[in-house]
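Below is one structure, written out as structure tokens; the observations come after it.
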Amino acid sequence: MIVVSDVHKHFGGFRAVDGATLEIATGSITGLVGPNGAGKTTLFNVIAGVLSPTSGRVTMDGEDITGLPPHDLFHRGLLRTFQIAHEFASMTVRENLMMVPARQSGETLWNAWFHRARIRQEEAALLKKADEVLEFLTIDHLKEERAGNLSGGQKKLLELGRTMMVDAKVVFLDEVGAGVNRTLLGTVGDAILRLNRERGYTFCMIEHDMDFIGRLCETVIVMAEGRVLTQGTIDEIKADERVIEAYLGTGLKNKAS
Amino acid sequence: MSGSGYGDRGNKDRSITRPGGGTMRVGTASGVHPLPRDDTAPFLIGERMTGGYGKGADILHDCTIGVDPGEIAVIVGPNGAGKSTAMKAVFGMLDLRGGAVRLEGEDITALSPQDRVARGMAFVPQTSNIFTSMTVEENLEMGAFLRRDDIRGTMAQVYDLFPILKDKRRQAAGELSGGQRQQVAVGRALMTQPRVLMLDEPTAGVSPIVMDELFDRIIEVARTGISILMVEQNARQALEIADKGYVLVQGSNAFTGTGADLLADDDVRRSFLGG
Amino acid sequence: MDLLNAFVALMNFVVIPASAYGAQLALGALGVTLIYAILRFSNFAHGDTMAFGTMVTILVTWALQGAGLSLGPVPTALLAMPVGIFGAAALVLLTDRAVYRFYRRQKAAPVILVIVSTGLMFIYNGVVRFIIGVDDQSFDDGARFVLSAREFREATGLQEALTLRTSQAITLITAVIVVALLFWFLNRTRTGKSMRAFADNEDLALLSGISPERVVAITWIIVAALATVAGTLYGLDKSFKPFTYFQLLLPIFASAIVGGLGSPVGAIVGGFVIAFSEVTVTYAFKKVLVYLLPDGWGPDGLVQLLGTDYKFAVSFAILVIVLLFRPTGLFRGKSG
Amino acid sequence: MRGVWLFALVAALIVLSGVMQSWNVALGIVNMGLVSAIMALGVNMQWGYAGLFNIGVMGFVALGGLAAVLIGMPPVAEAWQAGGARLLAALALGAGVIAAAALVWKRMAPGTARTLAMTVLLIGGFFAFRAVYDPAASAIEAVDPAVSGYLGGLGLPILLAWPVGGLLAAAAAWAIGKVALGLRSDYLAIATLGIAEIIIAVLKNEDWLSRGVKNVIGLPRPVPYEIDLQESAAFVEGVGALGADPVIASSIAVKLGYMALFLAVLGILLWLSQMALKSPWGRMMRAIRDNEVAAEAMGKDVTRRHLQIFILGSAVLGLAGAMMTTLDGQLVPTAYQPLRFTFLVWVMVIVGGSGNNYGAVLGGFLIWFLWVQVEPVGLWLMQTITAGLPETSALRTHLQDAAAHMRLLTMGVVLLLVLRFAPRGLLPEK
Amino acid sequence: QDAGPVKIGILLGYTGPIESIVPGMTASAEMAISQINEAGGILGGRMLEAVRADSTCIDSAAATAAAERMVTSDGVAAIMGADCSGVTGAVLANVAVPNGIAMISPSATSPGLSSADDNDLFFRTSPSDARQGEVLAQILADQDIDTVAVTYTNNDYGKGLSDAFIQSFEAQGGTVTLNAPHEDGKADYSAEIGALDSAGGDVLVVLGYGDQGGKGIIRSALDAGSFDRFMLADGMYMQSLLDDVGAAMDGSFGAVPWSEGEGTSAFQTLADEAQIDAESTYTRESYDAMALLAMAMQAAGSTDANEYKSKVMEVANAPGEPILPGELGKAMQILADGGDVDYVGATNVELIGAGEAAGNYREYVVKDGEYETVTFR
């Protein structure tokens, strides 16, 4: 369980996150929604150790993880994707995935020089896994392509793919759906569900696509102006006046003629 | 760009910094003849475009997209289908190996992007579409760079459209949230008072309320006689307001029709619109 | 206690020389910073661009002197400077067309441009030495001093002298004018703003109808002007020798970086920070203290933090310290 | 394949200069080429693998050179007596002050109090240090300043200086890396440049250490002296049988000796680098280079990896520096110029192809060859151009005098040409 | 091989901080060669041939490479040079000693070279700076000046000379307020002058190069009004300095290796004929250095340094027939006949110790833009 208690993050005088308190239950898929600029990404960055909070605490399974560096959190099983894709542009798509798993013995120079056989074995296993993930994401034809040459949506898929390379405990997804084709997004949703059910991943996802959120998340947290506005099931949220006013709106006013 | 090798590893895609000139340009030199002039053709059309990045393989194959004044044309398709590429091609940021781009019947295939801006075309790219180090207001001013008249009116309209921007007008655009940046980007394009507005996934990452608002505005803008050409992954909403819809698959036109037609087509819905 | 003498000594040996040097560094650093901000690379050929502009100025100065023209107490070189600027601008525009433009079109990585500029540095360097030779060239004329040591002592009767060379005075005045002009241009004019937009996001600038080639050309012209002015002032104040201009590159970069690469204000502040730190840290404060303290209290030692042998290292030490506390320079320059 | 051709081309160029000029010249180029290749490997590790922009190459190379003195030269007993112990005490004191300051910085809460405490500690420490250090240094420097005036070295075999040079550079890199690696590219670059300048300033001015600008000459050699070979009957007989002149043969033999040593070092380093680059370690490094934020989020400890590669690359530079000083037989601090040691090595890496080890080696050889040969070629060119002009023509003398400067110009042109036609270097990364 | 010309290297700084005095040095050395060749060469008719190379004066690596090329590729039998102490020491240790080649330097004056590990291959026709330091200190003593500030060019020569000077000066009770180095080739010396001025002193002793940092220092000092008299060492002696700085130099003084007598005037005449400026520093020493090399080879009957190195002292010093400049042919004849010579040359050559000139200096003062002799020491 991830517990965020009274986290503040200020930029100069601006309070991007202003006292956010929330819980993400182990094994759940929790949605995080809210208007643009509500502080969702900033909160993610605080949890994932990219930004240090102005004040407040974040704990994971009771352990204080506030301010730990991202690589440390990764080793504790906390993964995240980026809203704006962060691919390794000059490496191939497949290498982008193969680099992910932690504690590869080949990442030590000593082994790279003197235990080459062991590395070869590990690499073969990694390669197989990476190819499976790519196939799943329908971009296996691009495995030798430089990741920098992918289309916007393909990069998003690659972001997601990285989280599938390891056994994570908690995965934070920052708008993986934005820019991804809806049909494919359906498949991605299936994958998330499967990872959640079969492997027990906990997910927390920022998303603006209510259908997608509705399909996956038991709990939805709504943020606005740096705080949690409300929390509930998708139906409760959709019915909440404040949420409609601040975030959902009432649909298109002008229809095309 | 993959072929040139001058790049930074990990450099962002700067394929649009390619004014004029290029390796393969349609015209007398390459031996491809401009297509015959056709007065019934749409106001802006990229016709039978074929081409790719740098010396790499073709990404577009005989792809055609077009739009008429006051019309909204929407391009949908799977990731990597070549939608963004097609937009860039229409805006002249890509070297075509075949086909032509015509505005008001005139062949503009050889024009540089900034000349196209001068002809009344505006484009909001999918990524890095704002001046991060400049304030929101300066971003808008830069949108109006080629205009010599008073821009205050237009700016007020943009602020009306996206009220949050007015609050943040003195803030560096790079400090905005994802959705806010998107709004700045569209605002900047509107500042040119274009005749054609090209948008590459303008609603990616914006909240539902802003998306609706944005679509509303796009309709309004279209009603003033401006042509709108946009790529969308929020395809259902987009096609609802579209006069024309194009489905691209692997660089070619797979389906073309009115927005309603496409929405009604089972195949299209299942394969591209998420059921 | 002799406040006046202490003050004069400090002015004479610290404030005035450091100000003039600082102004020269600032002008040089402005050029470097502009290239960095707008064309996005560290231009290692800048020192030699300065040398080239100065060389043209010198040649014209000689011609003018030969023709018997002069500006009275003001150095003739000021009259020749516009031609020098023109020459330097021609050189850099030509270079841009022949070299940089190609890489720009290829969207080459900044490091490639840095290395290309190293190549150009070699070439400019060779050309300058080829034309004017490797030696010191003197081209200052007119009155050497606004205020000379003897005059000052005679006039005031003080033990210490305050001297102000014409070149120092001109340096300070010109620097102020040039900087004011530059800032007005960048922040107030449309062209200036479009340059900032281009610096920020080249692709998008294009989509706003800003012509990159025009921005680039204007940038180079401004840089050439700054380089020539800085070089000429430096040459007037110190001496002209191609190799020294190459060496100037290091303090100039140090200035630009202390201030924050890409930030014009930073470049100016950086220039003065470097110049003053070089002079103060190695200045022996003994004399000043002797004047200030009561008789007999004066220090025996020199009260010098570091020997002048470390002068060069000092500016870098300052630089490193500044960077440790403000990793992108005093004025938050761009990075990477 | 392209690589094979290019290496063959460089080899041919060197052989050609052997035939046209002399084998001594050619071997001289080969030896410095080997050293340059190692330097280029070092820079390539930092830039090519990890994207660290280090332009303080010169400083690390100089530290290697210092190691050669500290290991190879015999100790100066008198100087040790005069102030050795005191000097060591001063250095220990200095290190203690810095450590204490670091401790204060770590332990105390941020704020004015901390800044103040640290400043006071540092300034007080500085004066205390000077009080102990200054007399010790002057006592040492007063010992027969014309020939020694320094502490001397350990008098150990000079080959030992090579790894020690690497260690010295690595230690410096560790210290620099700890403080400066957080900086972004251009800032890191200038910080390293600054630190290199400081290292050189210390070498130039701290006479007790390595005689400062008075230079240390006559370093011991790992290979025999020419004169000994010439005097050895066996050698003279041997080369006599080959019909060679003993003087020339002796100097060639000496150079071949160096070459064998250098080749062995380069070979080992190249193998290690290749293995590292091709392994998951190399992949991780490239990922970090491409996108630090993402690599960090993928569990890679970017800071530590940067430090690691910075230290490794610098150690290689130090090693090369020690080798070069051994080859030169002297430590001349004034010879460490950024143009020669930093820019030139960078040119080698970029022209060779950054990220590719073989590219770095190729660049090392090619650029060094050009650096040496461009001067005579320029001279020849000028003579040819001016051949038609009358002896007394002012233009002719001007042009011929200017020939020496053509070296820089030609270097520049070559560089631009290579970059134009092989933008990612002659042997690009993949 | 025994019939061809005998090559002798001339290794001087054609570029670098003393490039303005090197042409004169080369010309006089080559004048010695042509006189010998006109008189029939050495070793029974073999001609001498000069091979020039650039020592750069400061870049030891470049100088070593140049010397190495002379020895291995041109096959010189001896080296006349190098000029500046730093590069000379380097060439000696790295090239001359390993290859067994003798060197006679006309101008390397560092005291360290007296005790360098040279296998007896190194000589010089100029005195050690240990001597110059004494002379400079004496000049100050004679003028009752007891506090001075010192600045030296930051290299082997400057540092060595300042060490020697300060030692003598302090031994006689003088005070050095500050001993500050300066780098050559910089454009700005205000920091150095600031420190020197603050330290104070009656005169500023400048131990540098007259067309480099030394000149810059003097300029800066005059501009800032901090010193108006300077004491100059050998590296500062050049007309160009007086021409460039102008009237403000009047009253400054210094010393330069010099000699008078028959030999000097004979050289003067020869130099005038050949349009060489005999007054320029180290021209005489260069002539003598070259002459000594040739005579030593002749005396040994060999071009092998191991054989002729022991002859250098013999031909330079008594006993024997005195030889003046211009009489080199005669000397060769005497030596060929098995006689002995005592070379006087242009500088009254008298090699002492490990083979260096005993050292006479001319004390001068600058008056009306000219060097004016005060006395000889």
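Observations
We just call them A, B, C, D and E in the order they show up, numbering each chain from 1.
Heads up, the rule we're going with is that a residue touches a chain if its C-beta (ideal position, glycine included) is under 8 Å from a C-beta of that chain, and two chains touch if they have at least 3 such contacts.
Since this is a predicted model, take the numbers as computed values, not measurements.
Chains making contact with chain D as well as with chain E: C.
C-beta contact counts were set side by side for A-B and C-E; A-B has more. The distance from the centre of chain A to the centre of chain C, each centre being the mean of the chain's C-alpha atoms, comes to 49 Å. If you average the CA atoms of chain C and of chain E, the two centres end up 39 Å from each other. Put simply, the C-alpha centre of chain C and that of chain D have 30 angstrom between them. Centre-to-centre spacing of chain A and chain E amounts to 77 Å, using the average Cα coordinate of each chain. The set of chain E residues touching two or more other chains comprises 15, 154, 181. Along chain B, residues 1, 4, 6, 9-11 each make contact with two or more other chains. In chain A, 88-90 are the positions where the chain touches two or more neighbouring chains simultaneously. Contact residues on chain D toward chain C in their complex (touch as defined above): 47, 53, 179-180, 182-187, 189-191, 193-195, 197-198, 201-202, 204-205, 338-339, 343, 346-347, 350, 354, 401-402, 405-413, 415-416, 419-420, 423.
Those residues of chain C that touch chain D in the shared complex are 36, 42, 44, 99, 102-103, 106, 108, 111-112, 115-116, 118-123, 125-127, 129-130, 133-134, 246, 250, 253-254, 257, 261, 307, 309-310, 312-313, 315-317, 319-320, 323-324, 327-329, 335-336.
On the chain D side of its complex with chain E, the touching residues are 21-22, 24-25, 28, 145-147, 149, 204-205, 207, 212-215, 217-218, 225-227, 230, 247-248, 250-251, 254, 328-330, 332, 334-335, 404. Residues 48, 50, 69-71, 74-75, 79-80, 82, 86-91, 95-96, 98-100, 102, 104, 106-109, 111-113, 116, 119, 122-123, 162 of chain A are the ones touching chain D in the complex. Of all the residues in chain E, the ones that touch chain C in their complex are 15, 154, 178, 180-183, 185-188, 190-195, 197-200, 211, 216, 223-226, 244.
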